[in-house]
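You will see two complexes here that share chain A, one where it goes with chain B and one where it goes with chain C.
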Partner chain A sequence: MAKKIKIIVAKPGLDGHDRGAKLLARIFAEEGMEVVYTGLRQTPEMIVAAAEQEDADVVGLSSLSGVHNYFFPRVVELLKDKGLNDVLVVGGGIIPVEDYDFLQKSGVKAIFGPGTPTMEIVNFIKSNARAR
Partner chain B sequence: MFDEKVLEKIKAGKEKWDQGPVAKTLAKAPEQKPVFTTISGTPVERIYTPLDIAGLDYERDLGFPGQFPYTRGVQPTMYRGRYWTMRQYAGFGSAKDTNARYRYLLQQGQTGLSVAFQLPTQAGYDSDHPLSMGEVGKVGVAVDSIEDMKVLFDGIPLDKVTTSMTINAPATVLLGMYLALAEEQGVPWDKVGGTVQNDVLKEIICRGQYIYPPKPTMRLTVDLIEFCQKHVPRWNTISISGYHIRESGSTAAQEMAFTIADGIAYTQACVERGMDVDSFAPRLSFFFNAFTNVLEEVAKFRAGRRYWAKVMRDRFKAKDPRSMMLRYHVQTGGVTLTAQQPLNNIVRVALQTYATALGGAQSLHTNSYDEALCLPTQEAVTVALRTQQIVAEESGATDTIDPLAGCYYVEKMTDQIEQDIDDYIKKIDAMGGTLAAIEQGFIQKEIQNSAYRFQKEIESGERIYVGINKYTMEEPPPTNLLKVDMSVGDVEAAKLKKLRAERDQAKWKAALDNLRKVSQTDENVMPAVIEAVKAKATVGEICDVWRDIYGQYRPKEFV
Partner chain C sequence: MKRDYAKEILAGSPQAVARLISWLEDEDERAYSIMEELYPHTGRAYVIGITGSPGAGKSTLTDKLIRIMRKGGLTVGVVAVDPSSPFTGGALLGDRIRMSDHSTDPEVYIRSMATRGFLGGMAKATCDVVKVLDAFGKDIIIIETVGVGQDEVDIVGLADTTCVVLVPGLGDVIQSMKAGVMEIADVYVVNKADRDGADQLNMEVNARIEQDIHIKMSGWVPPVNKTIAVDNVGMQDLWESILKHRAFLEESGRLVEKRRKQTYQETLRMIHNELFRLIRDQLSEDGRLDRLVEEILERKRDPYSTMREILSEWLDSTPKYKEAL
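Right, the complex of A and B next:
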């Protein structure tokens, strides 16, 4: 039997909007993933430390306060510094489409905007998370 | 309200109608779905008749506007006397940027100000703190010291406008700055009007801008209430908020129930401080959401007014009628906005505004159609304000008070929501009160379960959301989005550096030392806070004093 995908769901920065992050955490768990929800006010360092400690396959970042261009690439960078190159990083929240390109070039593999069906996110993660 | 004989006739008539025309029509064509529900998931019947409100007693349950139990409104003339205050929540970038937006809004006929602070300010950090990286000026204005406050209100006389400030854990600090500024402008405190949100419990429940653990943060909340009751009589000392509870996924009834539960906790805390209930309760205010299901929202507002009046009279033995009035601000539902086909949001906001007007609110913020994409542009803000003006001036909703009273459906739903509120309050009381219910995660879990149910309904197609799961279309990416200049962070950091270098160090140190001393006693902190902000202590420095003494709150997560 394949090992469960392990995902860190994280809220970087001071943003308190966690409805989406918590909802997805629940849905990922229902879909057979092992989920660690970090809670609010995470620095990139804290998120990457959690990913390392939990041996996570995926890091899901949620931001609705406009700080994605700062935080998301920083998480990818720190993961690389730790040699965690095969950890899949995805993000979601209120993120203008014009920022998608920059974020994807920085190593965030997918951005999911408001109104995305949750199964679309689940399927993306299942097909793109590293094999275990 | 109805004669027994009349009711019997109606009952017989309804049975005949059910078995006759309804059955015949259903045999030919079923209804569109087996069960109809409101957006909160409450089942809705095919029709409502006097049978559904047979127990309604006009004098006891509705009464007249401005009279107990205030179901029909808190003032005798409502919008015939004056419209609700049109108050757009605004703030971004530096104090100077936001001051320009305020002047624009006042020029366009807005009647009150509402300050959106950046997240670092709300979390009690200065703009140059490591946790503020990337956040400065983003979702609100950067205010670190009284110098920023001066720029924010430049050219705006504080006795001519009322100002609402969305600030919670650090509310004492920002109010302190506002009062110090009023002094500088020569405006006496008893002429200053406005509101601070100051509702720390809902930060812990769902909004996330907490700093201190529940008990000490409640102490600061009560200090502010007590100080204003003595020195700033026109200030609304708290805005007990259901808005964010609803945004986080609750139903309409849960929004009202948990907000009232918080209201009970604050009232209890003030009473325990030794304050007479009628000395502070008239200045307690509330803040609610408005979704697109107009009739359910109207019922929610009416039920909330009736229930709060009873809580204050029966539980807290208030005597002053003003203590029993649920006065509230509304913001239209942020979470109801779609990033898809954003112009559709104008229609949603219009319906929500209509619901707010029919529901009898005291003030309103209408969201802009582009807010699922970014902070609103000036064009979008103008449409949002005009929406309020159209509903107020053209729709007729303001001509008569509580026009939906007596509507069988609305009265029935008002009763139902009031019953739901009462069930929750009893449950929370049995748990040991609101703080205990929060501590156990009860309120948080109830909200999350509702959010989950709603999401599942959308994804199964059981509930339609235009542009999301029906009537979707390909669109080009949106243009003309408002961008906050990333350099605001550097500018603010430089300003702080200068402030710290140039202020009177001895005066600054003495003020913070005094604040520390006072905060370790039972003495009210407000006078010491005001002295500290005058000595140019920053938001972060003041909040750090309390972090040292009270510690920081770390929530348990209930996923």
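Right, the complex of A and C next:
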């Protein structure tokens, strides 16, 4: 049985705009990944608990409402606290380009803004997800 | 240093559990020696199956049942199965959405699984995952099957109590008379009971139960519970029905009997799977299987004698495979 990439797709915070997250969840599944969609209004603790229980290789965070500078680094931090250092964290949504540097320095490996070709995201995940 | 996964799991590490489950799903050889060590620590947990058609409310019911169990101080493991795509092999696993309330409760462990082409309503490794969660110390393990149609009934081979979730509006009385899923319930749930047709459905299910000779002989009449899971209505009664069934199984000695049957089936299935895997891997290795298929397609040979030929070869060369075990 071939190993499959397992990815959590989550919307942290109170932001209710999940169209992008749902679309990407479908695209990841169509690319052969096993996608756990956690739904809306997730705290970083909930996302990290899901990643731990599901043995996720990747956590994909989506944000529209401007809370990324708090939530994304917090997820990375909680993963590290649990020793889950090899989980790839990526983010996307409406995120000002000025914030990319800060987010990447805090451990979010890539940020995908509006208009990113979906295959670019898929390929990044496929080539950067851990082996287990 | 090599990690001792069995020891970590018995000591309560969720990460060790998570990794072992991934290896079981991948049929990774590393899983089996750990399972051997865990097996003596299994058999304690009570296993509840939740099955029913897509959208019947299985995840929501599971969520509300977890709430009741946790109030009673019970620890819970959940295995939630969703289908893999037959075309891409990928899967969208959405059962956690309804169980968000419990995601940070350390006494609740939820694991989503994709079927990966396995039929019957579950994933191939589901029975192994139940054992892992059992050894991990969970009191109750809930298996939520994929949304099933009429004939995905493998859950009975794994659950102590099987709940079949029905919703109004999916068919006439003949549907409730058919064989398959409708037969396997230890407890029936008529969910979304505020909808039109709920009373009718309730009546039909009760009529089915009354007419069922098999049920009459079994000594257990499956109760029919009306619920509106999303509003948390009827959940306590449902839980009590499950507890009553458990008491019936334990007091009548049926639980032991049920588990004997399950172990019998499981042992045979494991031997079957491993034999199949060994022969398949060997045949695929040098492209021989592809060549055989071509010859069969061209009618140069037939699949029946091919099967016999391969088995006889395999039996002659078995000492070679002994090492692989």
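Simple rule for what comes next: the second predicted complex is superposed on the first by the 130 of 132 C-alpha atoms of A that agree within 3 Å, B and C clash if a C-alpha of one lies under 4 Å from a C-alpha of the other, contacts with A are read in each partner's own complex, and residues count from 1 in each chain.
Quick note on the criterion: contacts are C-beta pairs under 8 Å (C-beta built on N, C-alpha and C of every residue); 3 or more make two chains touch, one makes a residue touch a chain.
These numbers were taken from a predicted model, which means no experiment stands behind them.
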Checklist entry - Taking chain A as the common reference for superposition, should the pair chain B and chain C be classed as clashing or as fitting? => result fit
Checklist entry - So, does A:Pro114 touch the first partner chain B, the second partner chain C, both, or neither? => result first
Item to check | Contacts of A:Tyr37 with chain B and chain C, given as first, second, both or neither | outcome: both
Item to check | Partner chain(s) touched by A:Leu23 [first = chain B, second = chain C, both, neither] | outcome: first
Next on the checklist: Under the stated touch criterion, which partner chain does A:Ala50 make contact with: chain B (first), chain C (second), both, or neither?
Outcome noted: second
Checklist entry - What is the C-alpha-centre angle with chain A at the apex and chain B, chain C at the ends, nearest 10 degrees? => result 100
Checklist outcome for this item: Least Cα-Cα separation in the three-chain superposition, chain B to chain C, whole Å, stands at 6
Item to check | Residues on chain A lying within both footprints (that of chain B and that of chain C) | outcome: 25-26, 35, 37, 39, 41, 43
Item to check | Residues of chain C touching chain A in the complex | outcome: 14-15, 17-19, 21-22, 25-28, 84-85, 88-94, 96-97, 100, 103-104, 109-112, 114, 116
Next on the checklist: Taking the touch rule as given, give the residues of chain A at its contact with chain C in the complex, in rising order.
Outcome noted: 1-4, 6, 25-26, 28-39, 41-43, 45-46, 49-50, 52-55, 82-84, 132
Item to check | Sites on chain A touched by chain B in the complex | outcome: 13-19, 22-23, 25-27, 35, 37, 39-41, 43, 65-67, 69-71, 94, 96-98, 113-115, 117-119
Checklist outcome for this item: Residue positions on chain B within touch of chain A in the complex are 119-120, 122-123, 125, 130-135, 138-139, 203, 206-209, 247-249, 335, 338-340, 372-375, 448, 451-452, 455, 459, 465, 467-468, 477-478, 481, 484, 555, 557, 559
